[in-house]
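Next up, some structures in structure tokens.
Across the two complexes that follow, chain A remains constant while its partner is chain B and subsequently chain C.
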Partner chain A sequence: MQNNSPPLRVSIIGFGAVGQGVATLLQDLPHVEVVAVADSRGVALTPNLGTLLSRKRAGRPIANSDLTALEVIRTIEHDIVVEVTPTNIENGEPGLTHMREAIKNRRSIVTSNKGPLVVAFHELVQLARENDVALRYEATVGGAMPIINLVRETLAGNRILDIMGVLNGTCNYILTRMAEEALDYDQVLSEAQDMGIAEADPTYDVMGIDTASKVVILANSFFDKNVTYADVAVTGIDRITPDALRLAHQRGFAIKLIGEVQELTVSPKMIPIGHPLNVGGTLNAASILTDHAGEITVAGKGAGSIETASAIVSDILSIQKERC
Partner chain B sequence: MRISMDLELQDIPGQLIHVLAPISELSGNIMSIVHHHDKKTFRNTVPVYVIFDIEEQKLEELKEKLEERGITIVRIGKMRLRARTHILLIGHIIHTDLRETVDHIDGTGFAEVQDLSLSMPAIDGPSSAVVTIMATGIGELKRAISMLRDVAEKKDLLMIEPIEERSTIGGVAYAEQ
Partner chain C sequence: MQNNSPPLRVSIIGFGAVGQGVATLLQDLPHVEVVAVADSRGVALTPNLGTLLSRKRAGRPIANSDLTALEVIRTIEHDIVVEVTPTNIENGEPGLTHMREAIKNRRSIVTSNKGPLVVAFHELVQLARENDVALRYEATVGGAMPIINLVRETLAGNRILDIMGVLNGTCNYILTRMAEEALDYDQVLSEAQDMGIAEADPTYDVMGIDTASKVVILANSFFDKNVTYADVAVTGIDRITPDALRLAHQRGFAIKLIGEVQELTVSPKMIPIGHPLNVGGTLNAASILTDHAGEITVAGKGAGSIETASAIVSDILSIQKERC
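Take a look at the complex of A and B:
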């Protein structure tokens, strides 16, 4: 890497699981400088990442300034805003304001936050184009599993005919356990909550909302569509029974929550047991149907602090490469 | 084997028994009969369309028996069920609702419910069923599936279908036989 080029200056907006993962990985990257980190309570300027991570893990405040996250985005000179605040698919906030302001101030964006992209995809893409900055969001779909950049870059010579996938690790874990242990939905859900795989309020995952958000992002990215959450027909996994899983298995099928991008649907579907989308546990998988390369299936960890952060760091490094 | 037949009967009462009796004598199983009273032919006969299952080697004997009884066989179709799928249903499945749909699918002449298994529900719990459908082709199979989908919607059942194969025409799960 060009040692004589100035370091890439980055802010991390949101310091939860993903933000901390990003900070951990950026500690080892010499040519990236973190100028500020924000959580919901305040902002740390020019932080020492090691110290900041220990403070946060100890439950202590990280702020060392009276700036807000938005003021950091507007006034602190830097190149990339890593937007990793919580997802809100109704109004996209606070991420949407963060992103609009970042782009207007000519900073690139790397994000794992689906909300702003579900609510205002084309507005943000257009704004980024007008301001000549990058908007990269590999981590929003499938966490560490490569899909956005895979389709956009590696499969560039192909027309993408369809994408379908297992895009929510929580649902996949629940269905996998129900099938393996012949347990009821409610039992496995509370087990998943105990293990931290499902949220205390699991609605967003189990009702298919998270999967639908990813379908929206993929549809807008690759299928020339202009859709939002309301355009997706969504059915969750909460009515699935161990009996249904057993009956399916006897006939050679697994049941998975499948997002279908061309169709704009999310619903439980039967897939043949030998099908490459039949991944277990919390894994995600997506199969991409192309005109020349045929069908390509990828699988990987759909969530997790460091896993998701790795996708963010890879987007940061791509931006760095582009500007060299 | 499933057979469809276009027949012509004389327009006098009691003729239908001449169709039904030989089929059941040869252990055939009638799926559907459509009697077109309103479409009398110029020969003053009434067209009848019947679908039934029968062992293939008994078909010749059946033809003879029908002709002996003065029935005109206009056309015989042998259905080959080449496409197959399984559909899961979950909810408060009432057997009679499902039975009606199964009969409806069996009566189409292009699709057949091969198997229907219903799990025993826990008390007050939802039951789960799997329905195996075969049809003469992918398009016909999809029509049969949509009949099932109508029932699922009306009765608030969760219906789980196999994913569609995209790399070839048709479906992975819609195995062609």
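Take a look at the complex of A and C:
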């Protein structure tokens, strides 16, 4: 398609699991050239991605230059900054500074980093509009489960009335296991931590903070709101008992941690067992209520480095496609 | 977006439930002009859609010209033919002739009519390519549930390995009710007929023919196959018993009529109860297995005139968007 156009030049800022996943997938993508990769220790310019991935996996430094990530964003000519540094929803940093500088230098953003979008959604959207660049963030909500582009592109003929979702795989795993095995919250949490499904400090997931961040992003994206984390009423799953799950089940319901976007709430809710939102294990699911198409539900893996990276690559491809 | 471009000129060929749904939605769509509407009795040129819908609902004729549908397609200048005549999977007619003529006259096609695509998929795709027009058919599979455009646009970064789905709402309703109420097939079929969920002659749905048609369309679209209805091994749901459903449930499974696209089969299959494909009532669902994003499942209303019409309008909008 773009055989005669110059390759799309991309930097990868952040080289943890998702950044490495992006590098892995971009190796096979024609017409995309990675001009720089930055991790917390330094910057590799014009890297060979295969070599770089091997070095990183072996715990060796990747840097081959004295530039910082911010200097790459400011001074190296390229089209897209893939911002995949760790999420910080208090102040959005370092992602927020990276994004502001990228946009001011007329580079598009593709990101899985919720922090900057939770802290400064409208500022970034407006800055991107003023500088005529794209700001794409499919990977921030539901990992590989497509929701933002599904609403934007595929459901374009519809008005979106509401979105509600099971948006955190850790919580869903814990509630699914508690219901299936009649186990206590603490038991299943330990099990999830042992399996790497929950973090050593699980607060961000189990207290609903991660889900609330996604609610903020969806609310600002689709419902013309201008909200941040503080606007969401959040209840976690730490006080759910096996008894509550059993009683709900007897009445034909499952209990899931649900983010409701119009309402700006995150809380455990009863979902009819036959409803498409009632997905098990670590799956995520979101129901999109539309005026004409009715309720459309999408479900998929909410996390995983390759899955999240694939959402980032979809965004890169859609920017590539729009350069017509 | 296209404020300065001329309006997109559309004909609606077929004015049953879906055609009327399309007319209803197009009333509110800017930059789209309906140049003609054809039903089985005649053609209305430059219609006022509100008046036309009232006449149709009152059982009055809509024609204001001596043209036939085919003459409209051949002689009236316009951009898109919305082909929504009844499905005939034996010979694809009258839709197939409509589509061939439309494409030869350089008009794009948007359709919910499975017949022509089941009979002559590759001929139509190639004809459309040669004439540089679009052939869009999101509404043929799963009504409002987006699947074709979801795969094409939203999952563009992935290779699609397989698709399997619950693609017929009538069958799903019957199996769901049989399982919930431990009722016989014949009892629930009568109930579904009374409710208008099943046709007086339910063969097309319950024997899996409709599902197989959708499998053919998906196989030809996404797996580089060149198959027709005869290539699909089809088993219906008419021999499922409440006992089979009960036994499956005891083992943690539901029985659903599943279309498997790579395998080219339609048959009742056991689905784990917690799997996202296990949707209830008249819902449709499809699981798309991808190389990087894992398994993505989408669920929604598979039928309904406004829902199907909304899929047609999404296709019209995407053609409009591509005129850049």
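Just so it is clear, the second predicted complex is superposed on the first by the 324 of 324 C-alpha atoms of A that agree within 3 Å, B and C clash if a C-alpha of one lies under 4 Å from a C-alpha of the other, contacts with A are read in each partner's own complex, and residues count from 1 in each chain.
Here is the rule we go by: contacts are C-beta pairs under 8 Å (C-beta built on N, C-alpha and C of every residue); 3 or more make two chains touch, one makes a residue touch a chain.
Source: prediction; values computed, not measured.
Residue contacts after overlaying the shared chain place A:M270 against chain B, while chain C stays out of touching range.
Residue contacts after overlaying the shared chain place A:G42 against neither chain B nor chain C. When the two structures are aligned on the shared chain, A:E295 is found in touch with chain B and with chain C.
Contacts of A:T235 after superposition: chain B is touched, whereas chain C is not reached. Once the two complexes are overlaid on the shared chain, A:G304 sits against chain C while remaining clear of chain B. Once chain A of one complex is fitted onto chain A of the other, the partner contacts of A:G16 are absent, as it touches neither chain B nor chain C. With both complexes placed on chain A, chain A has more residues touched by C than by the other of chain B and chain C. By the touch criterion stated above, A:R251 is placed in contact with chain B alone, chain C being left untouched.
Overlaid on A, the two complexes show chain B and chain C touching the same residues of chain A, namely 275, 294-295. Those residues of chain B that touch chain A in the complex are listed here as 86, 88, 90-91, 117, 119, 121, 125-130, 132, 158, 160-163, 166-167, 172-173. Chain contact summary for the complex, chain A toward chain B: residues 161-162, 164, 235, 239-241, 243-244, 246-248, 250-251, 253, 255, 258, 267-272, 275, 277, 289, 294-295.
On the side of chain C, the complex with chain A involves touching residues 25, 144-146, 149-150, 153-158, 176, 274-276, 279-281, 283, 285, 290, 292-301, 304, 306-307, 309-311, 313-314, 316-318, 321, 324.
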